[in-house]
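The structure's right below; bear with me while I get my questions together.
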C-alpha cells in the first residue's frame, strides 16, 4: 500500500463512517487543511500520528505503514481536470498575471512561497448563496542578487 | 493592437512612470485586483473606463481601442511556468485534493465558482519576513440533480 | 473495485440482461441522462440508490460499495477520441466560438454553468433519417465585478 | 487578411457599432448560430453574402476577400481554455460517456453527426436566474457493416 | 478479459493455428477487413458470432464474453507509431490537404464519412514488387446550412 | 514567400477563378491527386512546371519562386483536426490494426510504402448518396533480415 | 508473458549468465544487431529460433511463447530519454537536416528506407579513447510520381 | 536574419544555382556532412568561413552576419516529422534498445558521444537499388564513479 | 523590442566585439553568472544599469528600453533541447531523486530555494581534460506545519 | 521486482530503520550522492555491492536481484513535478541560457558532460538559514570538427 492508497483508505473511512476532517485535525492538534492534506498524502506524518488516526478510524496496520511513507507532492497528487480543482486552475489562469504584477509592485522582485505557506478554508454565509473562502498566506521571498 | 498588447502597454506605462495599480483602481472605482486583471486584459472594460486610464497614463487611442476589446481569459492569459504563477500552480497541486475534499464535506456535491468570484491580495507584516496574503471568495454552486 | 469499475459492471449488466437505462432512471426517480451518468460514475449515489440498482441487476455487494464512492469527473471520465464523443468535441471546435459570442451578446460577461446544468437526449423522427437531439440547459453566471 | 482575421474584423464591428448577430442573420436569411459561426470563420460564405455583410457593417474589400476564403474548422477555430468554451468541454467530459451509451441503446451502433447538424441557442427565463439553452440536433449515422 | 484482450487472444490463435482471417470472414459472412477489425475489437459482435468464432478457434467462454463487449474505437484501438500504421499516418500528412481540397471541389462543403464507410485490402501483382491496394469508400455528407 | 504560402496562393486563385484542379493536372500531364498535392506544396515542382501553372493562373514571379522550393511534408503539411482530414485519422484509428494484421498475413513481415505510393480519388454515384472513393496503392516492402 | 517481457527475460539471462549477444547471433545464424533487436522484441522469430535460444539460456516455455509473438516496433519499443538512446536522438536533431539535404542532392526526391535496412555496430580502437561506430545502410526509395 | 534564416538562404542558393554541397565543403576544407550541417545552422562558423561561402554563392552581408551567429542545435534544428528524418527516428525506435544493450556489453556503463562525434554519408551501388550508407562514429564515454 | 530581443542584441554585441561577460559583470559590480543571466533577460535591471551596459557596447536606446522591462523567467527563457542545457536536464533526471532524498535526510521536510539562490561557474584544470564546475547554493526552506 | 522497486525497498528500509545514506556510502566505499543514486536505481551495482547493502538493511534476495538489474536513467527515474526536483528544473529554466553562454565563452564550442560527471551535496551553515550547496563537476567536451 503506497502513500496515495493509504490516503484513499482514510478518505473512504471518513465518508463511510460519517466522520469529519475537523475531528481528525483536533486529534492531531493541527489545522483542518493541513490535516486533510497530510492524510490524503501530501504532508509527512510521524508513526505516532499515523497510529492515532488509524485507531480512530479502525484502519489496519498496512494503512499505518502507508501513512508513514514520504509525502507525494508531484503531479500525481491531484487530478487537475477534476471540476473543483479546475476552478482553482482557472483562477490562476485568469488572475495569475495580476497577482504576479501586484506582488512585484508591493514587495519587489521575488515570489510568494508555496513552502512557507499555509491555507485556510471557511464557509461564509451569504443570502445570495454561501461562499467558499480560501485564505492563502505565503512568505515573500526576494530573489538573491549577487 | 490586440487586448494583450494593450495590457502590456499599460503595464509598461505603470512601471516607467512609477505609478501604482491602486491609483488606477481608485480612478475606476474598483478593487485593485480586478483593476489590474482588467487592465492586463482579463476583464471587460467600457470605453469610458479605457479612456480614463489612457488619459491618466498618456497612452494613445490605439491603446483605448485595444482595451475595449473582449477580455482574454484562455491559456494565453498567463504563463504558467513564470515563477510567481508556478507557486500558485504548486499550491493547487499540493493542496487541491484537500480543498476538493473539504468543499465536499462542508457544502456537499458542487464547486467553488471561479466566475462569481473575487480575490484580494494584501501584505501582512511578520517579523520573520512579510507575507503575501491572498483571499479567494467564490460562491458555492451545487450540482443540479434532475 | 473503484467507481469506474462499478460503472463498467452496471453497463455490462444492462447490456447482457437487455435492460434499458430508462428503467433504472424510473427506479431512482431521476432523468435518464442523470441516471446513466451517475451509474457510469459521474454523479454521486447514496447507499440506498446503489443498493436499489444492484438488487435490480443482481449485482454483488462490491458493486454497491463502488457505486457509493465519490464521482469521477476528471479526464478519466471519458475517452475523447471515441467516435461518438469526438463528434461532440468537434461541435465545440466548430461552434464554440459562436456560442461564446452569442452568450456574451445575449447575457453579458459570464458563462453557461456546467454545474447548475441539465441535459436531455431524445430521438426525433425524420424521413431522411432519425436525429439525435440533445438539449443542454445551464444557468447563466455573470462574472463578479468588485 | 486570412479567414479568422476577417472574422475578428466582423466581430469588432458588431461590438463597436452595437449591432446584433441576429440582424446579420436576418440579412443572410440564415439562423443566428449558423450566421455567427460563418462570420467568425467556420462556415463557407459566397461572395454575395460576404459583400452584403461588409456593406452593412461598412467594412472594406479586404474583409470581403477574407470572408470568401474556405472555412477554418480545425483546432485553430476555438480556444478550448476560454471559460465559456471550457464549460462545454467539461460537459463533454462529465456527460460524454452517458451520451455515447444512450445513443447506442436508442439508435444502435453509430454516431450523432456533427456535419448534418444544427444548433440553436436561446435564453430561458428563470426566477432563480435565466438559463442558456442549447439544442443540438444531429442525424444518426449507423456504422456500415459489409 | 476486456474487449482488446479478447481480440489479442483471437489474434494469437489465428497465428498459432496457422489460420487465415478470410476463413473467419467466411464463417461470419462478412468481408475480411470488417471481420478482422471486429475480431480485434473495433466492431460490435453478437453473441452468436462470438461463439461461432470461439468454437472455430477452440477459445474459451471468457473470450466469448470479451468479444460481446462494446467495440473499442478510441485512441487505444491502435498504436500510431507502429511502422505499418505510421505509413498510413504519413499518407494523411502528405496527401490529406489534397484530399480535403478535392472533396471540396468535387462534392462541395462536407466530408467523407468514416462511419458509412467500408474498406477493402487486396494484393496487386507487380513485376517490380507486389503492391498493397486499399480502397476506401465513404459516403459524402454535406454540412447542413440552416 | 515560402512553399506553403505559394500553395495557398494557388489555392485561392483556383477558387477565385473558378478553375478545377483537373485542368492543372492536364497542364502538367500528371494525375489530379499528385498535381493538387504538388501545388499545395507536398511534391517537388520543376521551374518549368511552376511557370506553366503561374502563367495559367496569372500568378506572379514570387509564386513561381515559392513553388520551386523543396516540398513540405512534415506535420505542417496538414491540419489533422480539420474535419475532412480527421475522418481519415479516424479511419486509421479504427481500421489501422486490421490493416497491419492483414498486411502481415498476406505479405509477411513488412510495410505498405508511403513513398512508392499513389492515390486516386473519385466520385461514385449511389442512390443513397454519392460516395468518395479513395484508392491507395503502395509497394510492399519486406523487412530486411541480416 | 508478452513480447517485451520475453525480451526482458532474455536480457536478464544474458547478463546473469555472463553470455554475449554474439553467441546467440551465431546460434541463429544472423548478425548481432538483428539478433539482439529480435530477442529484445523488435523482429519476428520463428518457433524454432525461439526454442533454440530458450534452450541455450535455460528459459521456460512461456518465454518461447512470448518470443513467438509479433514484434513490437511502436513507441513502446524504446525509452527515448534513456541516455544512450537520447544521444542518437540528438544526432538526428543536430544532423537530420543535413542528411535530408544530402540525400536529396545525391539521390533525388525520396528517402532512405528504415525497412530495407541493416545496421552494424563495432568498436574502433583509438588512442584518445575507443569509439562506437554504427553503420546504417538503407535502400534509397524514390517518391512515385504519377 | 537569424541563423536558421541564413541557412535557408544558403540552401536556396545551392539549389537555384545548381551547386553541390561537396564544392562548399572543399571550399571550407571540411567534410561534406559537417559543412552542410554548419551552413544549415548547426555548427559554428567563423567570419572568414562565412564570407568565403557568401562570396562563392553571391549572397549579401546579412547572410554573412547570420552565419556568424551561434549554432542552433535545439528542437528547432529539425522537423522530426519530415519523411527522411522520420525514418531515422524510426531506426532509433526499432533498433535503439539493441544499440544500448550492445554498447553496454561491449564497452561497459556509458554512452556513445554525440559531441565527440562524426558522421559520413555515401552512396552504395546495388543492383537491387542503390543504398544510402551512414557511418556514425562517437567516442565511448564511461559513467564516472566516485 | 522585448526583453529577450534586447538580451539577444547584447549577446550579439558581446560576441561580435570580442567582449567577455566578466567585463560587464565588473561594470555592474555583480557576479558573472547573475550579470549574464540579467543581460540575457532573466533578472531585473535598473535604468542606470541598462544605460551603462548599452554605452559600453554602443547599443541604442531601444535596447536600453528593452533591458528595463521585467525579467522573463518562464519556459521561454531557455531551450531545454539545446545540447548544453539538455545535459543539465539529464543531470536532474539521473540525480534528482538522490538530491531530493538527501535534502530530506539532512535538512528535513522542505526544499532548496531557487529564489534565495546563487550559482557560480568556474573552470577547473584537469590533465584528463578541463572541467566545468557549477556551484549552486540555495537556502533550505522547511514546509510550514500549522 | 524491477530496479526502481528495489530502490524503493532500500529507501523504505533506510527511513524505517533510521539509517543514513552516508553509512551505506561508507559501506560501499563511494561518495554519498553516487551511492544514493545507485541504490535508488540510477547507477549500476555489482552483485557483491547489492548483497552488502541487503545484508546491512536486512533485505531479502529479491531486492538483491532487483539491485543487480541495469540502471534506470530515463524519464521514469524522477518525477519532475516533485517540489525539490522542480526547483532544480526552475534553476535550469532561469539560469540555463547563462550557463550555455558562459561555457561557450570560457571553453569554446562544446558541452559540460553529464556522464564524466560528479556531484556533491553539503550543508552550509548560515545565520539567516542554512543552505543546500550542490557542486556539479562535468568534463568539458568540445564538438568534433571534421
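First chain written, first letter: the chains are A, B, C, D, E, F, G, H, I and J, and each begins at residue 1.
Assume a residue touches a chain if its C-beta (ideal position, glycine included) is under 8 Å from a C-beta of that chain, and two chains touch if they have at least 3 such contacts.
Just so we're on the same page, UniProt names per chain: A, B, C, D, E, F, G, H, I, J = Cyanate hydratase.
Just so you know, these numbers come straight off a predicted model, no measurement behind them.
*Asks:* Out of curiosity, which chains are bumping into both chain C (Cyanate hydratase) and chain I (Cyanate hydratase)?
*Replies:* Both chain C (Cyanate hydratase) and chain I (Cyanate hydratase) are touched by A, B, going by the contact rule given at the top.
*Asks:* Could you pull out the chain whose C-alpha mean position is farthest off from that of chain A (Cyanate hydratase)?
*Replies:* That would be chain F.
*Asks:* On C-alpha atoms alone, could you tell me the rotation angle mapping chain D (Cyanate hydratase) onto chain I (Cyanate hydratase)? Nearest 5 degrees is fine.
*Replies:* 145
*Asks:* Centre to centre, by mean C-alpha position, how many angstrom separate chain E (Cyanate hydratase) and chain J (Cyanate hydratase)?
*Replies:* Whole-Å distance between the two chain centres: 48.
*Asks:* Using Cα averages as centroids, what's the distance between chain A (Cyanate hydratase) and chain D (Cyanate hydratase) in whole Å?
*Replies:* Taking the mean C-alpha position of each chain, the two centres sit 41 Å apart.
*Asks:* What is the distance, in whole Å, between the centres of chain A (Cyanate hydratase) and chain B (Cyanate hydratase), each centre taken as the mean of its C-alpha atoms?
*Replies:* Here chain A (Cyanate hydratase) and chain B (Cyanate hydratase) have centroids separated by 23 Å.
*Asks:* What whole-number Å value describes the gap between the mean CA coordinates of chain D (Cyanate hydratase) and chain E (Cyanate hydratase)?
*Replies:* Roughly 33 Å separates the two chain centres.
*Asks:* Would you give the residues of chain F (Cyanate hydratase) that are in contact with at least 2 other chains, written as numbers and ranges?
*Replies:* Answer for chain F (Cyanate hydratase), listing residues that touch two or more other chains: 70, 73-75, 80-83, 90, 93-94, 104, 111, 113-117, 141.
*Asks:* According to the definition of touch, which chains form touching pairs?
*Replies:* Pairs of chains that touch one another: A-B, A-C, A-D, A-I, A-J, B-C, B-D, B-I, B-J, C-D, C-E, C-F, D-E, D-F, E-F, E-G, E-H, F-G, F-H, G-H, G-I, G-J, H-I, H-J, I-J.
*Asks:* What does chain G (Cyanate hydratase) use to touch chain I (Cyanate hydratase) in their complex?
*Replies:* Of all residues in chain G (Cyanate hydratase), those touching chain I (Cyanate hydratase) are 81, 83, 86, 90, 93-94.
*Asks:* Could you please specify the touching residues of chain E (Cyanate hydratase) with respect to chain F (Cyanate hydratase) in the complex?
*Replies:* Against chain F (Cyanate hydratase), chain E (Cyanate hydratase) makes touches at 11, 20-21, 32-33, 36-37, 40, 42, 73-75, 77-78, 80, 82-85, 87-107, 111-114, 116-117, 119, 121, 123-124, 126, 128-141.
*Asks:* List the residues on chain G (Cyanate hydratase) that touch chain F (Cyanate hydratase) in their complex, please.
*Replies:* Residue list for chain G (Cyanate hydratase) touching chain F (Cyanate hydratase): 30-31, 34, 43-44, 70-71, 104, 109-111, 113, 115-118, 141-146.
*Asks:* Would you mind writing out the residues of chain E (Cyanate hydratase) in touch with chain G (Cyanate hydratase) in their complex?
*Replies:* Touching chain G (Cyanate hydratase) from chain E (Cyanate hydratase) are residues 12, 15-16, 79-83, 85.
*Asks:* Name, in rising order, each residue of chain G (Cyanate hydratase) that touches chain E (Cyanate hydratase) in their complex.
*Replies:* On the chain G (Cyanate hydratase) side, the touching residues are 68-70, 73-76, 114-115.
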